[in-house]
Amino acid sequence: MSTVDMRVRVGALELRNPVMTASGTFGSGREYADFVDLSRLGAVVTKGVSFEPWAGNPSPRIVETPSGMLNSIGLQNPGVEAFCAGDLPWLAQRDVPVIVNVVGHRADEYAAVAERLDSEQAVHALEVNISCPNVDAGGMAFGTTCPAAADVVRSVRAVTSKTLIVKLSPNVTDVTEIARAVEAEGADAVSLINTLLGMVIDTRTFKPVLPRGVGGLSGPAVRPVAVRMVWQVAQAVSIPVIGMGGITCANDAAEFMLAGASAVAVGTANFIDPTTTVGVAEGLERFCAARGIGRVTDLVGAAWKKQ
Amino acid sequence: MCTEVPTPAIEPVVVVSNERVAEGVSRIVLDAPRTAGAVEPGQFVHLRISRHADFILRRPFSVHRARDGRIEILYQVVGLGTRALEDAVRDDVMDVIGPLGHGWRVPDGTKRALVVAGGLGAAPMGMLVERLAERGIEVTLAQGAPSAGRLLARELFDNLCSRAIVATDDGSAGLCGFVTVLSAEQLGRDRPDVVYVCGPEPMQRIVADQCAGAGVPCQVSLERLMGCGIGACLSCVVTTRNGLKRACVDGPVFDAADVVWDADGGQEGGR
Amino acid sequence: MSTVDMRVRVGALELRNPVMTASGTFGSGREYADFVDLSRLGAVVTKGVSFEPWAGNPSPRIVETPSGMLNSIGLQNPGVEAFCAGDLPWLAQRDVPVIVNVVGHRADEYAAVAERLDSEQAVHALEVNISCPNVDAGGMAFGTTCPAAADVVRSVRAVTSKTLIVKLSPNVTDVTEIARAVEAEGADAVSLINTLLGMVIDTRTFKPVLPRGVGGLSGPAVRPVAVRMVWQVAQAVSIPVIGMGGITCANDAAEFMLAGASAVAVGTANFIDPTTTVGVAEGLERFCAARGIGRVTDLVGAAWKKQ
Amino acid sequence: MCTEVPTPAIEPVVVVSNERVAEGVSRIVLDAPRTAGAVEPGQFVHLRISRHADFILRRPFSVHRARDGRIEILYQVVGLGTRALEDAVRDDVMDVIGPLGHGWRVPDGTKRALVVAGGLGAAPMGMLVERLAERGIEVTLAQGAPSAGRLLARELFDNLCSRAIVATDDGSAGLCGFVTVLSAEQLGRDRPDVVYVCGPEPMQRIVADQCAGAGVPCQVSLERLMGCGIGACLSCVVTTRNGLKRACVDGPVFDAADVVWDADGGQEGGR
């Protein structure tokens, strides 16, 4: 086999390779089991889980845009209890670290979910989503100011000893400021980017296509913005960065790692090719092998680190 | 049928033919042995129209017929994807994920079925009518379209249905009016054991109401914008009496009695 | 001919139709004269003009991205005197309003350019660019905080009575805040969006493709973000909004007008089809005619205005 | 030539043929009557490869030859656009903006010219050699490539040049080594009135230095990433002794003596 060491660390977690799934684009992992051997992924990140069940937003919930899409799913999910009873036991049987994406309307709701999950051995890490643009209360509102972001992270940190990842919003003037604020509150890693706030108006009906008006932009279209933010954040904090936004192939993933990401996540691309994640993982290994790079971690930040 | 859902897979497919079959509607035939062998009536494929790449998502299409290792899709050109599909020529390579979704169910003991198809709603009815005919079930078809030139799959339906009646908006064939007039008449006259409906959602809803009134089980096939097609992204939800369901895996065929019309998705604000 | 009234107002300016050129993508207009009858455009917006000559950035200056491009031109221009001696007299001979994009490293430099141009009859309006991401001093730095934006606009307003448009940056948490700040200082209109800050890293060299690292993302990829911001700003201010970002056809332009733009500008699309601007203007007229819309201004904000 | 620049225009073009002509290099022939009639040696077209739309910018290519209303382009597959170009087949429709740029100039009284082409640098030399031959100018060609299989347009050059000498990196044809060895020899031996150079920029620079040393006028054809292709966007700047120039309208051919190598664009920071 290969001689490339593909392992990476995110907090206390060691991943067998840097390729994870982006929250909300991979269901609970179960939906992709026909296409992907989950044990070949670095980690599975679940969709957002709230304390109570959330119904999500009205339809239509997606619309395609040039090289991307808007979504307005609105974090529909059955709540943390149903998650622990349903998807989690199934995931626990797979040989892959499980990271649960945590959402809430208020800081104490985030904490309640985190507390409930803290006791679940099958959960390896939490990803606190303070960046979903598709809910009125909570979500992105927490991710766009330092005090609000700090507040959520503090509440969650207080109730969990699991690896704590904070998912950042790109809809800010200075993403490094938010990254530093959550690092200061004890985040073990940051992940970025969540979706960019966007809108499509239907020129036949004269109304926005999505009932809520705005939605979250993802896919290749946003990749340059995501790479730029990873580059900025990786130089601003000393915790690991998980990079995502428009990754479709190993080359895209390498771009994020060179920008400073210790791990990467594949989102929208799963919809086009459900095997993208494994393809990226294998491709990244070949990418390193072809260049005589012995450890995938050697890529991390190579675009700016002094040799 | 469809109690055992065949495992979906990604299959590279090759275009065999692609041509106009009615005003504004084309039929593409794809060489797709795996999918053709596994697909059940009412299921669909998630198609990647790969030579044109300024859109990125797949497009869902019902399998109209499947035989000899090939699948047939009837499609109407409505936007970017279907315009690109129209440009495909023999030997172009694409790929599908399929077969996907839960298709039509035939209740035990069914002897007589009514199939109601409006416009492109005829697309998922091809395999269904074939299957019903195979099983010796007597099929009445009520088909509607804007005009005679837009009635789809006439030959197939004429050959396999005991009765095929049509309605057109402009009266250029059959009754001048909506297909829902025909379905109402049929339900009154010749009580079927089950009704299958596909077409514009308002029409499906009217037929569903007619069936509810007549006490006849009714199945509808609902279309939603789809991201993943495999149950992961929650873009295709349908509100049912049992909560939100995903059209791509829990449907596209639903029991009409379960559907809560006009109420898809959660409340504003995601609370 | 047609019965659609295509005229729109931007400050004291009346344009014969809503379609302008986006600064920096249309040269001084002269470069497009072989392809476009300038008198069929609403206005020509020139590239950025500074007080002294600016050399711009090192090469390469552009890189393509999915449905978009990054540029790092860096506002290369010969300075306001050379502009007034060279391009301006040529433009003055065309039957089209001229809007000059004004740049500076400091507020007083912006003012110096504005003051110089105030005496030029051929200049119909100024577009103050506080949103260029491709210079170290000035540019976007002014467009991302309210006090800095207000400061530049105040300085410029003090020295010119011409119609004053302020070009806003999308690289902010809340674009409406900046829009309101510049409105309060006497801006007659706002234009948005300038480019999103992005980066592409070359996976062969392991370095950013652009020597400065970051560049500005434009083209269809950014359109959903631009439409969303126009929608937000049009509802937040009472001055006209000029919308741009990824417009390639009349339908795209209509989307911006429905979102609340009184006029639109075509940028990156000119590179692909140099006749795009006239095509958009004609198409917009047909768009209205086909829907029985008598005045193009009826589109403005129709996606959110109460009937 | 090229004192009067023909007005550029957008011209729809149709693919006549598209095939491999050397290792990694293809030739596409386009039906383009207007451009073919107006183009001068050294000019280029800005090509929109329209059937593949996940890239959006045009791509610049030198016109290798132009006759009978057709233009020929020699191209190497290096990325997205050229990969798509390789997929084009007869009758595909694209469009070009052209002819663009300032091409090669022939100084008055020229009797002997040296043409130095490295790799794809042979592309803009086709029309040039034809034109020089037409005017009875004696042409020596020094051509380099990685290997014999990558030497382009051999027939054309052999027919029209008084002398054609080659160098390959692997020695599979001609001299084993760089073409700059040949150019140095030629300059020493048989003093030409003008030298034309195209190829990788470091090679062009070496030849330019050789010419400067020998006191022979030298023209180089520089490549830059191009946005608009018509002088508007300033993405293609070349640093010259007379300031920044745009490769698309002021070039791509420049007097080597004017070029400030390795210094493109302004200072960091745009000040």
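Order of writing sets the labels: A, B, C and D. Residues in every chain begin at 1.
Criterion: a contact is a pair of C-beta atoms (placed from the backbone, for glycine too) under 8 Å apart; a residue touches a chain by one contact, two chains touch by 3 or more.
A quick note: this is a predicted structure, and the numbers were derived from the prediction, not measured.
Identification of common neighbours of subunit B and subunit D yields an empty set. Centroid distances from subunit B, each centroid being the mean of CA atoms, peak for D. Remark: subunit A and subunit C have CA centroids separated by 34 Å (rounded to whole angstrom). In this assembly, the C-alpha centroid of subunit B lies 47 Å from the C-alpha centroid of subunit C.
The set of subunit B residues touching two or more other chains comprises 54. Residue positions 66-68, 219-220 of subunit C each touch two or more of the other chains. On the side of subunit D, the complex with subunit C involves touching residues 7-10, 48, 54-58, 80, 97, 224-225, 227-237, 244, 249, 264-271.
Listed in rising order, the residues of subunit C touching subunit D in the complex are 24-27, 31-32, 34-35, 47, 54-64, 66-69, 71, 73-76, 105, 134-137, 211-212, 219-220, 268, 270-275. Of all residues in subunit C, those touching subunit A in their complex are 65-68, 70, 144-145, 171-174, 196-201, 203, 206-208, 213-215, 217, 219-225, 227-228, 231, 246, 251, 254-255, 258-259, 287, 302-303.
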